[in-house]
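Shared between the two complexes below is subunit A, which has subunit B as its partner in the first and subunit C in the second.
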Partner chain A sequence: MAQDSKPGTMRVSSWRQYRALLLKDLRQEVRTREMLTSMVVYALLVLTIYGAALAQVGDRVEVVSFAGGLLWALIIFTSLLGLNRSFSHETESGCLEGILLAPVDRAVVFLAKATSNLIFLALVELITVPLFFLFFLSGAELASTTPMMLLPLVVGTIGVAGVGTLLSTMTIDTRGRDVLLAILFIPVVFPLLYACVSATSVALMGVEGTFGTFWTSLALAGAYDVIMIAAAWGLYEFVVDA
Partner chain B sequence: MAPEKSVSRRSGAPAVYAHGLVKQFGPRRALDGVDLSVPEGAFLSIFGPNGAGKTTLLRTLALLSRPTRGSLALMGVDALDEPDELRARIGLISHRSMLYGDLSAQENLEFFSALYRGEPDRGRIRELLELVELDHRRHDAVRTYSRGMQQRLSIARALVNDPDLVLLDEPYSGLDPHAAELFDELIARVREGRTFIMVSHDLEKGFDLCTHALIMARGQVVVCADKAGIDRAAFRELYLATVGMGVA
Partner chain C sequence: MAADSPVRASSGGSPARGGLIDRLTFAALVLGVLLTAIDVVWTFTLAPMVQGAELSEPAIIGGTQVTTKLLLSQKIFYLHVPVAVASFVVMFFAALWAVRFLMTKDRAFDLRSKTAMEVTLAFIVATMISGDLWTRFEWGVWWVWEPRLTTYFILMLLVIGYFILRNALDDPERRARFCAVFCVVAFIDAPISFMITRLVPSSIHPVVFRTDSGLPPMMLIPFLLGLFGMLFIAFALTRLALRINADAQEVEDLKERLEEQDAWKSRAAADAAFERLRAGAREAVAADEAPARADSPDASTTGAATGAAADGAGVSTTAHAEVAPADSESPDTHLDSSQEA
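Coming up: the complex of A and B.
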């Protein structure tokens, strides 16, 4: 976009502001690895606990029948930890105020933060989902439809990052924000979680005649993403300017 | 040498004109009908007890907080209608640095510059780093800076958009006397062509710097006057009496 010599006499491209905000988050994470490290370590601990719990039941249960639920519980709890940390740099020295002082559309701030959260969550899933398969499903006979679980994984992660970004902004300045975020996040994200667990389970089990459920669940998750992210986009200005 | 202030878009209107500003937090009124007019180029110092509404007023002028009621114009532009145009012309220096500790001075200024211009203005960043005498540490993480250095860098951050209105929220908080002296020197070097509004608990320093002085209590303006017309001893007594009134 065209620029004049002095800010204030021009409109700055929202895309460039988005890029600056996103690159700043990525640069900080590359330097500190705070969020990724804590999320991966936490995910590994959850996998260890799953391992201990499932070791007691041996071959008596088919893990694949509830693997979708286990996997999404892992993703939700890990993302909660990451979302709690995603604003720690912004609040540390009042940096969020520094951003809000600039002529940046608040929706652009939301979009950039949601994108960085999405990238970090996706990276953590790239590590933990294969490990989940290795630890718990390596001996199981997987359905040919298993790769289809990538669809609910992508749709669900987008929703978690979008809604989680809004809620973590709302809880930035609250006391006990870790607990408050969990209390707000899990009920709000429940419809998405339910739809994604359902679609993931169908993909993993691959039972004939259940694919109607897969597509219905995926459509519900997609609709949830569209509605909630649009709402978050619209509400973000009220949240940060409150 | 201080980076030159580009030509201010002088409108002849006051830098700040507020009428009947109210900011309500639940049942509490942090601002209760504030009227204020600050001429262009003035240095207004705001004093008052804790909870008087000074920081709320400054946040409202910085367009970080929307007033519940009332009207506000900055540099002749309606702040409630055109906030983005005005945000590009405002700088804020607070006791919090608003800097990312894991990024270097250069990276911090490039980031904030990009928010105002789309692309970082590297020429201006170089000038600002020279002004605050941190060009030799430009690539060091801000986390490794002393409090005084961080505050100097926060001046550079606040000037990255070449603002017409600079707001200072207790900028001396946590600075040792030497760092405070350096801070004063820097402010003096960038004064020309800009309007300053400072919230301070330090009556002596605030009074020395200002051209206009204001005392607030319980969300209201107790007195606001040109320094030339103020008797310093009487002002001091009024200030102490106001502090004695306590918070809203």
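Coming up: the complex of A and C.
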């Protein structure tokens, strides 16, 4: 939807539209704290379940060797919950219709929504990842390369937010949307998950000579991000106008 | 924008009945089956049982050295790979038609995309079954989380998800749009799955499509026969399924139109019945009026009859008799007078 650039009409720049939409989401979240609280509590519960699942493992087995997988399972499940909620108040109060009525480029709507989702996911990760380390890796000897796991974390979170925004928009008005989002989201995001888990595991283990895998996985995850976000961006206009 | 262009009913893009392609469908099916049959026969007779392309050197699997028994299962290759390739090709067309649907909003393309996805699912399931037999008898396990297997498994989940999404949406226009979008997103996994053996060289899956494949002619020919046979079968199946789906959609459309007309008709009938009832009521009123007129010949206005109906026959007759001169006045005064009486 191209904006009018007729002489005389006030043209609101895309950047300002983007900022307004993003600030609206953030303000809403600050006031209700609906998404963040539920995501953090859910993440805590998943960590509790991990505690039960690993109760008999003890310290003997190297938790480090599969910590990457556990961490990413936590992130995927938590973000699934958040993405489901991210559009619920948009439809409840008829907010989405209002946004769509405004002469705003659909790509801007997508970017704003994806950014707000990314911010919320990042905030939740800021709390849950340290907790994960505290609960499961406090006794283990961490490799010196551990901080490198932040790279796949960033790349992965961006991809999750991008794809998740597209898919959660598609599933808001469907029957049984919670389940449907999971059914669509998990397979679509799988390649990213695969790449991020292997990169994170390499970083956590810190074995010499395995860093080729780290960079390959990171490149794969980055390529996935670029392709998927480009596809979601291009396809978003077909998903929102109804 | 797309918002204000509703989905057009199938138009020029709809499958032509009895056209050239339609007539070719059956021929393609026969040809495909024939080629595949030759492939299978060749596989078990002429193709050598030597170390295949899959295992270029003897390997130890599950404690036993690879023997002829294990190499016999290599015959799966001649069907497994063509079916897998066909599934990618059909899915490519599904995504292509999905994109064309998004561009044109022509429902015929949605129908084609959906049909192609159905055929894709059939081929994917066939690939999974043959592939699973392969993993069991060549690699000694039922399942490995190996990159090719994993990405292909994900592809299957995506196609299944596509149909779940289709069922979860009621509005046909929105369903077509969302499914087309998801089809495109899902297709992104197909090239990944195809290329993964090149991207991740540690994969046990060999790179089949290369110029230096090293397949001897006696193995290459049946493989190619199977490949083309399977592609012909895929084409014919898509075409046949398209015919069935188009018929089904036409039936749905006709049903809808019939229901619409039915609704019109029943509404018209209801209107007519209402009119009849009204007329009947008028007649009944007139009939009521008639005896009243017979009782008092002076009471000629309908007002008298209404008054009679309201007050009861006995009262009214006396009233009529008493206030007969007032009858020519308005019904209200007549009513008042009858109550006084």
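Throughout what follows, the second predicted complex is superposed on the first by the 231 of 242 C-alpha atoms of A that agree within 3 Å, B and C clash if a C-alpha of one lies under 4 Å from a C-alpha of the other, contacts with A are read in each partner's own complex, and residues count from 1 in each chain.
Definition applied: a contact is a pair of C-beta atoms (placed from the backbone, for glycine too) under 8 Å apart; a residue touches a chain by one contact, two chains touch by 3 or more.
Model, not experiment: these values are computed from the prediction.
Asker: Just subunit B (first), just subunit C (second), both, or neither: which does A:L137 touch?
Answerer: neither
Asker: What is the contact status of A:L184 with respect to subunit B (first) and subunit C (second): first, second, both, or neither?
Answerer: Only subunit C is touched by A:L184; subunit B is not.
Asker: Taking the superposition on A as described, I'd like to know which of subunit B and subunit C A:L44 touches: first, second, both or neither.
Answerer: Touch status of A:L44: no partner.
Asker: Using the superposition on chain A described above, determine whether A:P103 touches subunit B (first), subunit C (second), both, or neither.
Answerer: first
Asker: After the superposition on A, what does A:R16 contact: first (subunit B), second (subunit C), both or neither?
Answerer: So A:R16 only meets subunit B here.
Asker: State whether A:D241 touches subunit B only (first), subunit C only (second), both chains, or neither.
Answerer: both
Asker: Of the partners subunit B and subunit C, which touch A:M228 in the superposed model: first, second, both, neither?
Answerer: The answer is second: A:M228 touches subunit C but not subunit B.
Asker: Under the stated touch criterion, which partner chain does A:T32 make contact with: subunit B (first), subunit C (second), both, or neither?
Answerer: Only subunit B is touched by A:T32; subunit C is not.
Asker: Looking at the overlay, does A:G176 come into contact with subunit B only (first), subunit C only (second), both, or neither?
Answerer: It touches subunit C, and subunit B stays clear.
Asker: Where on subunit A do the contacts from subunit B and from subunit C line up?
Answerer: Shared contact residues on subunit A (touching subunit B in one complex, subunit C in the other): 1, 241.
Asker: Which residues of subunit C touch subunit A in the complex?
Answerer: 1-3, 102, 147, 150-151, 154, 157-158, 160-161, 164-165, 168-170, 174, 177-178, 180-182, 184-186, 188-189, 192, 199
Asker: Where on subunit A does subunit B make contact in their complex?
Answerer: Per the touch definition, subunit A meets subunit B at residues 1, 3, 5-13, 16-17, 19-21, 24, 27-28, 31-32, 89, 92-95, 97-105, 241.
Asker: Across the complex, what residues on subunit A touch subunit C?
Answerer: Contact set of subunit A toward subunit C: 1, 163, 166-167, 170-171, 173-177, 180, 183-184, 186-188, 190-191, 194, 220, 227-228, 231-232, 235, 237-239, 241-242.
Asker: Could you please specify the touching residues of subunit B with respect to subunit A in the complex?
Answerer: Of all residues in subunit B, those touching subunit A are 6, 9, 62-66, 83-92, 94, 96-103, 107, 111-112, 114-119, 157, 161-162.
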